[in-house]
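You will see two complexes here that share chain A, one where it goes with chain B and one where it goes with chain C.
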Partner chain A sequence: MTSNDQARSLFRVVARQELVELWRGPKGLTVLFAYSGLLAALAYMASADAGLNLLDARESVGIIAQTGVALGALTALVVSADAVSGERERGTLESLLVTPVTKRELVLGKLVASTSMWVAALGVAVPFVVVMARGPGVAIDALVVLVVTGTLVSAALTALGLAISSVAMSNRASIASAMAAMLLLATPSQLPSVTADGVIGNVLIRANPVSAGLKLANEVLVAQRSWASQWTFLLAPAVAAILFTAVAIAAAGRIELGASR
Partner chain B sequence: MVGQSAGIVCQGLRVAYGGVVAVDDVSFRVAAGEVFGLLGPNGAGKTSTIRALTTIVAPTAGVAEVGGIPVSDHGRVRRRIGVLPESNGYPGAQTGLGYLCFYGQLFGISRDEAARRAGDLLSRMGLGENARPIATYSRGMRQRLGLCRAMINDPDVLFLDEPTLGLDPAGKKDILAELVDAAATRGAAVLLCTHLLDEVERVCDRVAILAGGVSLAEGTVAEVIARAGVGGVARVTVDPADTPAATAAIAAELPVSGVRYDNTHPGRLEVDQPTEAEENRLLAVLLAAGVQVRSFELDRASLDDAFLALTAGLDLRAEEAA
Partner chain C sequence: MRRILVVCAVGVASIAVIATASQAAEPLDAVSIEVTPTEVEVQLGERIDLTVTVTNNGEAAVEGLIAHIDITDLDVSGSVDPEDWVKTLSRDVGTLEAGQSATRTWNVQPISSGSFTVYAVALAPEGSTAAASNVVTVDVAHRASLNPQGVLPVSIGVPAVIGALLLTRLRRRIS
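After this line comes the complex of A and B, so read on.
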């Protein structure tokens, strides 16, 4: 076995183990259950409003798709923000660091496991979106928004969470920082329409992976604009996914146990 | 390269975290098949020494080799070592078998072979029947599982930081027997960190005492006790009528530092013994003086005494310097 083969194999071993821990333990299922509950409650309210003509059916689909993307990415972010700092806090990191697995392989394996959180969230969100989108006839668009936008936004946030977790010296600091970053990224999507339509507002939204993804969902599903005219909103999530993954891999080298005599 | 030792070579090791020096100029060697005790009070630098030798932290200065490989060669060193850290955690949802298989695979062992080795180790440690999650294990079972994990790759060098902490006497005995066996039958070099000095006296071939990041003494247990300058006590019971003669003979013939009388037991003396060589001589002097000796009991200096003497001296020096 060459060293490259072994590296690939160790990365797979870590990924498999992380997946087992995430889904056989309580963490993954608890987070997924909370995600499902929130999405179900929101879908019920949106459907009820649409039924009472308080909300356009397309707007209901837009809300569910946007929430599915944002909350799904948030679940992956929470799991990845716990990935390294949690190991350190639970006293399991040192045992891993004295094995032949490199820090980079460790982080890549954890990245795969954390990404599975989004895949599971996607599995939960798809039926909600498809059922609600059948009425206004935007099921395909809603699915594409969910899969493409959600995957890119989640990939970016998962990598960001992992990078934070690698350098944070406590799990609490890691999760708090990751949540703060998520709130900061989501802020431009809440700008009043007057500001959002201006030059600065437009730049803020387009440059930010979360707000750009949510804006794309709104433009395609609610405003009925074509993909051809709106695809540029995918640039920020795609660039962020690549950039944050590179940052997470680079931050792997800074994983430390903390000082001890 | 310092040498081709199959164990541990540590020469002038220095570990600093920023401006804080945790280990300064520490030197020792551990040969293959040897159990070496690394002792010291809290904050002595034991864990930092282990972390430097196990590639977790980079030494700031000095030479550190494990299995003949410099610790800067992380990959090769890690393949040859087994480590049980002090505050080791475990994934509660996993079974012991699954946990060991995972670690086996991290050492490049195939899944089937890792499962076979894991099964063997679990049986040997009395954990063979446990297919339940680690969360349900007792502390002793977890420590034994940790030792299994440290041995899953059949390491040349074992680093064990407080492996018997919190265990009952039977658990301690099992763990110590296992590490002695690893050294004796497999030829592994074992570095044992513990506060329990009676354990060290029982199982370690040699020891080093650290305090404040520096090495105070290193050698066999007897050598360290001698270096600490602590002696044992001889308890002698003579005929009460012979007490003055016994005292006079001891004072005249032996360079002992003190003789004490036990007022509750007439005829009983406690004689400080600076060295083991004077034990037989004490008895000979008493007999030659015509003293009727009724009992003679030796309480030799222990590693505990040496440890306290060495570390207390350091505290005094620090206080004086302040």
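After this line comes the complex of A and C, so read on.
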């Protein structure tokens, strides 16, 4: 067995172990249950308003797609922000570091496991979007928004969470920093339209992965703009996904035992 | 003391001038305004068309008229925000020659159930009220659907399935 094969096999072992821990235990399902509950309540309220014509049917689909992407990415972020700092706090990081697995393999394995949180969240969001998008006939657009935009945004945030978790010395600090980063990134999407349409507002929205992704969902699903004119909103999430993954891998070298409880 | 008396005198004089000025802005009898239909019954979410007719009954032309509608809930001391019901409250009518009428139609969507009052006013260029219309009663019946857009089975089913899986995991863990 070459060293490359061995590294690949060790990475697989870590990924499998992390996936089992996440999904055989209550952690993954608890987060997913909360996510599905929130999405269900919002979908019901938005559908009730759309059913009474108080909300445009496209707008209700846009709300669910945007919430599905934002909350789904948040669930993956929370799991990844707990990945390394959580092990450190539970006192299990030491036993992981004495195994033949390198820090980089460890981080990559945890990245795969955290990404599975988004895949599960996507699976939960799809039925809501499909049912609600039947009326206005935007099911395919809504699914593409969820799959493409959501995957890129959550890949970026998952890697960011993992990078923070690798360097944060406490789990609380890691999760708080990750949540703060998410809020900061989502803020430009809440700018009033006058500011958002200006040069600075436009740059703020396009340059950060979360607001660009949410804006794309709104433009395609609600404003009925074509993908051809809006695909540039995918650039920030794609670049951020690559950049943050590189940062997470680089931060793996800085994983230290620190003070465990 | 003298200063106080002077200030009081100026205040009283100002009030008198303002009162005289407001009395001078008499409604223009020449213009009348009417809203039809006078009674409407709709279900929540439905749209209604209200037609406002402004007529110049006088002998001379009236310039720069604006028609404006308002919605109020007389039972709850006018707690309705009319801009939630209709996008534009005021419409330009322009100049009406003697005997001429103009109509403007508002597409209104009630956003809550109950009994509401709609009326319109025609405004003269200087902003004084030219005329107020008849009152239109809009009765909005509540409409509720337990399964809006067929989303209820998904809204219950998806969290229920995940919740059941979670319970199974937790039970296994405890046992």
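FYI, the second predicted complex is superposed on the first by the 258 of 261 C-alpha atoms of A that agree within 3 Å, B and C clash if a C-alpha of one lies under 4 Å from a C-alpha of the other, contacts with A are read in each partner's own complex, and residues count from 1 in each chain.
Quick note on the criterion: a contact is a pair of C-beta atoms (placed from the backbone, for glycine too) under 8 Å apart; a residue touches a chain by one contact, two chains touch by 3 or more.
Keep in mind it's a predicted model, so treat the numbers as computed, not measured.
Asker: Should A:47 be classified as contacting the first partner (chain B), the second (chain C), both, or neither?
Answerer: Touch partner of A:47: chain C, not chain B.
Asker: Looking at A:201, would you say it contacts chain B, chain C, both, or neither? Reply first, second, both or neither.
Answerer: A:201 contacts neither chain B nor chain C.
Asker: So in the superposed three-chain picture, is A:26 touching just chain B, just chain C, both, or none of them (first/second/both/neither)?
Answerer: Both partners.
Asker: Looking at A:36 after the superposition, I want to know if it touches chain B, chain C, both of them or none. Which is it: first, second, both, neither?
Answerer: So A:36 only meets chain C here.
Asker: Just chain B (first), just chain C (second), both, or neither: which does A:131 touch?
Answerer: second
Asker: Regarding the shared-chain residue A:91, is it in contact with chain B (first), chain C (second), both, or neither?
Answerer: After superposing on A, A:91 lies in contact with chain B but is clear of chain C.
Asker: Just chain B (first), just chain C (second), both, or neither: which does A:257 touch?
Answerer: first
Asker: Once the two structures are superposed, pull the chain A residues common to the chain B and chain C interfaces.
Answerer: Of chain A, residues 24-26 contact chain B in one complex and chain C in the other.
Asker: Provide the residue numbers of chain C that touch chain A in the complex, in ascending order.
Answerer: Those in contact with chain A are residues 44-47, 109, 111, 143, 145, 148-152, 154-159, 162-163, 165-166, 169-170, 173.
Asker: What residues of chain A sit close enough to touch chain C in their complex?
Answerer: Interface residues on the chain A side: 24-26, 29-30, 32-33, 36-37, 39-41, 43-44, 47-48, 50-54, 57, 60, 124, 127-128, 131-132, 134-135.
Asker: Can you check the complex and tell me which residues of chain A touch chain B?
Answerer: Listed in rising order, the residues of chain A that touch chain B are 1, 6, 9-10, 13-14, 17, 20-21, 24-26, 90-92, 94-102, 257, 259-261.
Asker: Can you name the residues of chain B that touch chain A in the complex?
Answerer: 17, 20, 22, 42-48, 51, 54-57, 75, 78-79, 81, 83, 85, 87-94, 98, 102-103, 105-108, 146, 149, 213
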